[in-house]
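Here the structure comes first, spelled out in structure tokens, and everything after it is commentary.
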Amino acid sequence: MTADVSIRNATKVFGAFRALDDVSLDIAAGEFIVLLGPSGCGKTTLLSILGGFIEPTSGTVSIGGHDMTHVSPAKRPTTTMFQDYALFPHMCLRDNVGFGLRMRGMGKAERYEKAFSLLDLVGLRASSAKKPHELSGGQRQRVALARALAVDPDVLLLDEPLGALDLKLRRQMQDELKAIQKRVGTTFVHVTHDQEEAMAIADRIVVMNKGRIEDVGTPASIYMRPRSLFSAGFMGEANFLPAKVRGTAANEAEVETALGRVALPASAFVAGLAATGRDVTLCIRPEHFRNGNTDVPTVSLGRGRITGSAFFGTHHRCHVAADGTSLTAHLPQTDNPQIGAELDLRLKADSIVVLQDGAGVVE
Amino acid sequence: MMTKTVSSGFSRRMLLATAAVLVLAPAGAQAQDELNALVWCDHTDPALVEPFEKANNVKVNLKEYEGTGAAISIIEQSRPGDWDVLVIDAVDVPRAIDMDILSEMPADKLPLGDLFPEVRMEETTTKDGKVYAVTEKFGYNTISFDKTKVDPADMDDLSVIWSDKYKGRIALYDYYLPMVGLTGVGIGKKTADLKQEDLPAIKEKLFEMKKVARQVSDVVASQTALATGEVDIVVGGGEWLTAGLSGEKPNLDWTIPKQGALRWAQSIGVFKDSEKQDLALKFVQYIVSPEGQARLATSSCYWAMPANAKAGEHLTDPQKAALRWDKQPEYLKNSQLYPVADADMDAAMQDVWTEMLQQ
Amino acid sequence: MTATAYERAERRKAWAFALPALLWTGFFFLVPFAYMAAISFWTRQGREIVATWTLDNYVAFFEKAHLFKGLVVSLEITAAVTVISILLAYPLAWIIAERVPKKWQRFALIMAILPFWTSYVVRSYSWLLVLSKGGVVNQALLWLGVIAEPLELSANRIGTIIGFVHFFVMLLTLTIYANLIQLSPNYRRAAADLGANAFQTFWFVVLPLTLPGIMVGAFLTFVLCIGDYITPQILGGNNELVLPQVIMLQLGRRADFPMAAALSLVLMVVVTLAYIACARWLKMERT
Amino acid sequence: MRHLTTALAALYAGLIYLFIFLPVVVLVLFSFQDGTLPVPPLNGLTLRWYEAIFSDGKLMAALGNSLIVAIVSSAVACVLGFLAAYAFARYTLPASGLLRGLIVAPMTVSTLIIGLGLLSVLNLTGLRLSLVTVGIGHVVINLPLCFAIIYASMGGHQVNIERAARDLGAKDWQVMLLITAPMLLPSILAAFFLSVTFSWDEFIVAFLLSRFDVTLPVEIWSMLRSGLDPRTNAIGSVVFLVSVAFLVVMELTVFRKKAS
């Protein structure tokens, strides 16, 4: 089962603190949505409002077209998978998974059958008589998933469920989660602060900061075309170069930076072409400082001197000084950058994103 | 799963049990004919009470106390009708009469004439010719000692209790009334005439006693101390302390010194607010009857002389010997009653006693 | 900001859960306590208790030496008991936690507190049998030739203190042990690693870390010890009176409820002061 | 060096254990005293004092009373303590610090004061003194303990577990009965058993608030006041054995399970 979700102007105030500030979001049925942001950004508050654990101070939530704003968690077509799994420590796995069905009055035999099938789904049928404390972290996580799915929710809410796992297990669970989601087709709303995890599993990512949504989009669009400084910075490393618009034409603009004047295509401006005289920021991903491939339009920011370098396996991460500005560049692993060597700061024009200061919140 | 159902069932049973106790307790308490008596510990001997319970098909509830102050506390904390029968120090009967808690008893239905004349105590147990209480048992606060460890001849003089001779081998009985009285007797003051002005002199002697005494203790601790050889003398003791041990510890003895000793007497009466006046009177009659008196005299808590002289017919010779039945005329003559104190005098005596304890 | 219907319902539920306990404590503790406090300002005049609203009882307490001494004696005995009990219990708790093999620790601990489950009254009396002149201890010492004359171990302050220490050694062993096993062995390893010897490790690392546990235990000891009537009554030989004994005298001998109430309040103030001192110390320790 | 300190430790522990067990050993020993005095020297061994206490109707009634009062009052204290702990741990109540302080306040007040105050107020209400009033007093004494123990064990971790249950459709009472209570069972049982122990040996409140039906400590007290008697040692030994048996059962059931 699955359903779409619509959040309209949700605000939540705790005392003097605005945990959620006029947030609106639409989620399609069967979508895997990831709420991404640093701690305190409001993502968990938003999830709790979806789950019904807290009521918004104002705004509405509807699921599958029904208003759910004031409906208790038990009566919502949602279930939550908690960060600490919240497995019932005194019940065996079968009873944990069957609990929701028991609450719905399902008979023992039927309930156990369903619990077994879900434990099968997560590969733990053999351990059904064990208690949670006998399991490893990854296994507990699967039981929590099975328990949440056992009641056939329309929407599954996942509150940083992979946070406690080590990196390798986390990667593996990300894949499994994605696979299971595709299999059951339930709408998943997943909260995390790990942008790699978000990119690994999400159909769409919602970047949040200070109680507001900064950006929404597919992993690729958020990475390549971030719509706010925050979003750009949070999704990975970026160089921010302050600039001023000096002149605009039909589909390009000339901006002045500390590294000289450059002409940029209008498409680089995610919020539309800025007017002359506006302050903007150029956002450049470090891996875009790569030479070669000069058959597409390029922009040059002059030359820089490599002041430090470290090898990261997939690339060399170099600190570059240019005209008093410090930049970071990722050079191909086959390069052999030397400290003191000069670097041509040339990059494809369409790899630059121009953000207007103060802009960012979409919709 | 198991533990869950068991535990919830368990707590449910607990709740039911609580409810049952709360609901049933008062009902159960009123179902049977009962008599509530506030007594000294000697009345709690089943051998004493059971014959009466059987004969009258009644349940006698007994609450024991120690010291009139405690009894008054209990009575003040109760409501009218809570109590039917009261056992109280004979000298404190006027206090109870003043509090208007005792009812008059018909003199012709009590064997007043059979009592030893010295313990009839009309001046305290009656008022305006009406009988409010009747003496039931008496004995002495004097000197108990281990005759193998002390010179019995020394015990004939009361001044031994503050002399240095037995320093550290004396226990004082922890009850201010007889002890203040006994000390008064020791310095030649009659208990009946004791006034507040006499207290400083008595206090001085009490302090001297405290210096030579090893401990000041209640009945059991005194008894233990004497029996274990912790002390060799108990001041304030008497037959009630050592008679019960006579078989086991023949070395323990008691005497009345030449200056005399204190005589205690306990009496029994009926509460004015009792709703069972007849039954309560019946109980009093039983206690002062010769049979009841014999049982009371030898009841388990402590032995002492019955007030009814006819009780002798129901006592065995060894029992009589232990009670020194034959020596009573002499003892009665050489003993004085507890001091009768008004509230101020009582408070002053208690202060003196507490000061002595804190020395 | 007004509460939503949901929040109001939640609050109603919270009150419903908390109220039974609050009402019980309020009605059966707070009201009686307030009543006691009120009575302490009344007096017993002759045969009557009169609602006079005076400070007479409190004045009497400070003026009459034999009443005030009760508090002094109580404080002296309680202080001695607390210190001795901690000094005796700490090494035992340490031995159980450090030297006894893990699987036997529980057993060792249970054995150390087993006599706790004899009747308190009876246990106090059996101390009398142990400590009296002809008692087990004196007999043994005489037989061993350690002493020529029996020691006076009962019917005095020593007896009271021994009786109390017995009880509180059990209690403190339990609380200190609980504290000791919570310490991470890494503290000790770190100290040893940095060159501390066994004593230095104990003195500079283990002891400071267990001080809060000791304080909690000491406070418990203080409260229970200063409020107890039975042990001094049985083992003290009435050679001096502690405050609870003085209180019981007011009740049992005089039926002077107001005076007993006033003395009880004095006792409570002392306990409260001890509690505040202890709480402040613990708070300071934590920051 | 290590051997020396081990030997010293063993010696010290041995001495303290001796100190701890001395009165109990003497108590049990003299309960077999052949003679009416439970004092040294030991004359011989007999079981008659045990016969005497088991055939003493009042004493056995007092034993039964003690058990009933201990179990019922502890159960009430646990239920009230659990509900209150749940309220304070899971909801925000106004002035909750103050209210929590009120619930634990009796813990810092001597039982003498609690007993005296209750006595005077019960007298005003017209409730007759009985085992019920003793039980009321014991709940007052044990409630702070039960509340504190259970409240301390209600961690934030369990909040999510309860949320999960609610999320899966459990109603409030189902959450409490099927999740919270079983989850906290070890601490609830610990609170219960500790309360039973305290109530079982409590003297002053039981003494002040009872009339004719008394609990064991009160019966023992009056037995002691009426004279020396090895029966007191016998009943003391029986109490000890019953408590130890109780302890063993508890150890084998409750704590064993918790440890596994």
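Observations on the structure shown:
All chains are identified by letter, namely A, B, C and D, in their written order; residue positions are counted from 1 within each chain.
What we mean here is this: a contact is a pair of C-beta atoms (placed from the backbone, for glycine too) under 8 Å apart; a residue touches a chain by one contact, two chains touch by 3 or more.
All values reported here derive from a predicted model rather than from experimental measurement.
The pair of chains sharing the greatest count of C-beta contacts is C-D. Chain centres here are C-alpha means, and the one lying farthest from subunit D is A. Centroids of subunit B and subunit D (each the mean of its C-alpha atoms) stand 34 Å apart.
The mean-CA centres of subunit B and subunit C are about 34 angstrom from one another, to the nearest whole unit.
Distance from the subunit A centre to the subunit C centre is 58 Å, each centre being the mean of its Cα atoms. Between subunit C and subunit D, the centres computed from C-alpha atoms are 17 Å apart. Chain contacts: subunit B has residues 3-4, 66, 218, 220, 224, 228 touching two or more partner chains.
For subunit C, the set of residues that touch two or more other chains comprises 125, 129, 132, 134-135, 251, 257. Along subunit D, residues 39-40, 79, 119-120, 182, 185, 224 each make contact with two or more other chains.
On the subunit A side of its complex with subunit C, the touching residues are 13, 55, 57, 70, 72.
Looking at the complex, you find that subunit D touches subunit A at residues 157, 160-161, 163-171, 174, 179, 182-183, 185.
Only residues 66-67, 69-70, 72-73, 76, 95, 98-99, 168, 174, 176, 214-218, 220-221, 224-225, 228-230, 342-344, 346-347, 350-351, 354-355, 357-358 of subunit B touch subunit C when the two sit together in their complex. Put simply, subunit A touches subunit D in their complex at residues 51-53, 72-75, 78-80, 82-84, 86-90, 99-100, 103-104, 147-148, 151.
Only residues 10-11, 13-18, 20-22, 24-26, 28-33, 35-36, 39, 88, 91-92, 95-96, 99, 108, 110-112, 114-115, 117-123, 125-127, 129-130, 132, 134-137, 139, 166, 169-170, 223, 226-227, 229-230, 244, 247-248, 251, 257, 260-261, 264-265, 267-268, 271-272, 275 of subunit C touch subunit D when the two sit together in their complex.
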